[in-house]
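Multiple structures are listed underneath, in structure tokens.
Shared between the two complexes below is chain A, which pairs with chain B and chain C, respectively.
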Partner chain A sequence: MSRLPLSPILRLGLRALLWLPLCLALWWLWLKSWLLGLLYVGVALGVEWLLADQAYGLLAQDQVWLLLSSLMLAEDPLRPLVLMLDPLRFTVAFPLFWGLVLATPGLARLERCVQLVWGSALLWLLVTALLLIYVQFKLALNVNQQPLMADRPSTDYLLTLPYSALVYYLLGVGRQLAVLVAPTFAPLLLWLYYNHRLLREWWLTVGRAP
Partner chain B sequence: MSRAGRLARGGALLLLASVLLSGCDALRTRYNQALWQLLQGHSAAGVAELQALADAGYAPAQFRLGMMYRAGQHLPQDASLALRWIERAARQDQVGAQYWLARFYFEGFGVVSDAAHGVVWLRRLAERGYAPAQFLLSDCYEHGRGVMADPAAALQWRIAAARAGHREAQRTLAEVYRRGGLGQVPDPHQAEYWQRQAELPALF
Partner chain C sequence: MRRYFVLFGVILLLGYISVYLPPVREHLVGPFTAGITQVAGALIALCGGQVWVSSNTLAIPGFAVQVLDMCNGVEATLVLWSAMLAFPAPWRYKLKGLALGTTTVHALNILRIISLLYLGAYDAELFHWFHWYLWDAVIMLDILVVFLAWLRWAPAVKRPGEPLAA
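This part shows the complex of A and B:
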């Protein structure tokens, strides 16, 4: 069998071996704080508008965010719930996407740049939404005071009624998607969306191979 | 426009629509701004805004103002004003206000101690599924505080609180089943079950 029909896929694999670690290293060493800053803008706005009945602000302290909730603890004197959030894991979607785009053979320079810019913008929207789902889940976890998925609530009770069992469970499913599934699969799906024609051509080439 | 461009524009419009739809609660926005001012140490401005909102009948502001009068935070301590604002908020079904009003009646804060009145407010909350109120109500039934002692009712509310995830209720329920009490004979299986629930680790 000729090696020629498989070469685009092999080239993709080999280039990915170079670009993915490089992008991950760039992300870890220099870009993660910058990405967190960009995400903070969207999430802070989302918290202010979409979760205004439960939170009134988000503070960034290095790589940790503090969610200032307007939900009060059942303590004397009254004090609000402050949640510590770790948003770093969500930013890994970006280097994965960049690595895949940079590793794709046969793309014109302009096309590659367009994919990088537009793809990053779409990922920013998506990851902001994922973070908001994560914030909502963390709030629900502390409202309902029942361990769910891999998270446990704090021991303090809040002065608010619990969510129904179904809503609580759905928020748990949302948390699994937002934390475990989407940050890894979203860049891959986005890359497939941008390059599906190229992949189809490769597939057909392989199919025609003698 | 490319498909990606159309997708991005659609996403942005969707986000904008949801922002506009959910951001219409002007009182909530003012309330959050007042809390933010208090947090930043601008007590006078924050208190004035809370007072205006409370006067306008906004229950979260009434509750917050009442609790500030109780603790003497940002305001001089004043039991009667605390009771007045908390009671107004409680009448609007504000969860925190109902819980604290019950506690005011038990403690006799700003009012003559009246456990029976406290139980009325606790029961309202317990029936709405608030676990800490269910646990306190169970305690009232167990010890005959503000209500006739009734082991069956105490057990019923203790189980409700335990099922809602109240750790103390789960621990004490395990104790009830271990030693027998509230009209129950000892039941090691139930005791073990509730003890395990109280110490439940993360699922996966």
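This part shows the complex of A and C:
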């Protein structure tokens, strides 16, 4: 009995069923702390360069980061605001991207390695930027003391001027994109970008009626 | 391809900026989220489950969830709409894709809400993991699959000077 060749699309699906759970398990069990460490380097630098007027720096404590802000709480004696950040969600972008690249059939070994390395580097840059948006949003939330989107500020008032309504709203939109959408959407987009020729070949030619 | 990515980004950004405007959230997204919660509650009741629904809150014995941003499927729907609207396909086909794609995304999202509710009643840590990491990824992968399937059956578009794929 002759074996029918599987369509590349079905092969992608089947391979994704293997590689995505495997990469997610690898990430959760071994790689998440290491990825957090790598991201910490970029975000700490970003805080130092971009938010120097509002923050002294960033401290990593296991899987939680502490932002040491220079904004003073309206208390006696004066003390600075310290914000707790949860950056773990952002690292899920990496196993999703790795799983998709490893599941893509028809890629040469070198091409797959290049995608994995360069894609991860690009994701690192992107996720660092997303984390910086998240940090800026958290600061703004505490400065303006108004609930925004689904987030609420702490009850501590700060001795600083609030952001304008427009900037505050745009930071809220940025937060929604950076925290809710981009960590799972960016790896798909990056994978589509890398493999659009392959996809075009599969979807616009294979099996299509003339 | 570059034109597609730029158009996609512009539509997506405009979509997000509009959907988070306070009047839109209050009069459109809010009632829609409450509707999604009602549907999820009705499905649980239909299957014989004990459930309480109030606005965007869904409760079963031992656990309750509040359906908020991203959990209502609005963000995911916007991603799918942007991907389809930016693609050069006939409008009739785009509208069919938007209707079918939106239905698929929300059907899976309602399944997600119900599964998370029961998972939360079973184990809070598992709930967090599935809610924050796994289900979001599955919803995005669902969008990718729907979009690729839509592309697969899209009428071929002939650009000037480019032969149609055979």
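One rule holds in what follows: the second predicted complex is superposed on the first by the 199 of 210 C-alpha atoms of A that agree within 3 Å, B and C clash if a C-alpha of one lies under 4 Å from a C-alpha of the other, contacts with A are read in each partner's own complex, and residues count from 1 in each chain.
The working rule: contacts are C-beta pairs under 8 Å (C-beta built on N, C-alpha and C of every residue); 3 or more make two chains touch, one makes a residue touch a chain.
Small disclaimer: the values here were computed from a predicted structure and weren't measured.
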Message: Touch test for A:Leu96: chain B only (first), chain C only (second), both, or neither?
response: second
Task: Could you say whether A:Leu188 touches chain B, chain C, both of them, or neither, answering first, second, both or neither?
output: second
Task: Examine A:Tyr169 and indicate which partner it touches, taking first as chain B and second as chain C; both and neither are also allowed.
output: second
- prompt: Just chain B (first), just chain C (second), both, or neither: which does A:Ala44 touch?
  reply: neither
Message: Output check: A:Leu122 vs chain B and chain C. Expected answer is one of first, second, both, neither. What do you get?
response: first
Message: If we overlay the two complexes on their shared chain A, which of chain B and chain C does A:His196 touch? Say first, second, both or neither.
response: second
Comparing the two partners chain B and chain C, which touches a greater set of residues in chain A: B
Message: Once chain A of both complexes is superposed, is A:Leu31 in touch with chain B (first), chain C (second), both, or neither?
response: neither
Message: Going by the contact rule set out at the top, does A:Leu161 touch chain B (first), chain C (second), both, or neither?
response: first
Task: Using the superposition on chain A described above, determine whether A:Leu68 touches chain B (first), chain C (second), both, or neither.
output: first
- request: Report, in rising order, the residues of chain A that make contact with chain B in one complex and with chain C in the other.
  value: 149-150
- prompt: So in the complex, which bits of chain A are touching chain B?
  reply: 45-46, 48-50, 52-53, 56-57, 68, 70, 72, 74, 76-78, 80, 114, 118-119, 121-122, 125, 144-152, 155, 157, 159-162, 194
Message: Touching residues of chain B toward chain A in the complex: what are they?
response: 4-5, 7-8, 11-12, 15, 18-19, 22-23, 25, 28-29, 31-32, 35-36, 39, 60, 64, 67-68, 70-71, 73, 95-96, 99-100, 128-132, 164-167, 200-204
- line: Residue set of chain A touching chain C in the complex reads 9, 13, 16, 20, 24, 28, 89, 92, 96, 149-150, 169, 172-173, 176-177, 180-181, 183-185, 188, 192-193, 196, 199, 203-205, 208, 210
- request: In the complex, go through chain C and note every residue touching chain A.
  value: 1, 5, 16-17, 20, 68-70, 75, 79, 132-134, 136-137, 139-141, 143-145, 148, 151-152, 156, 165-166
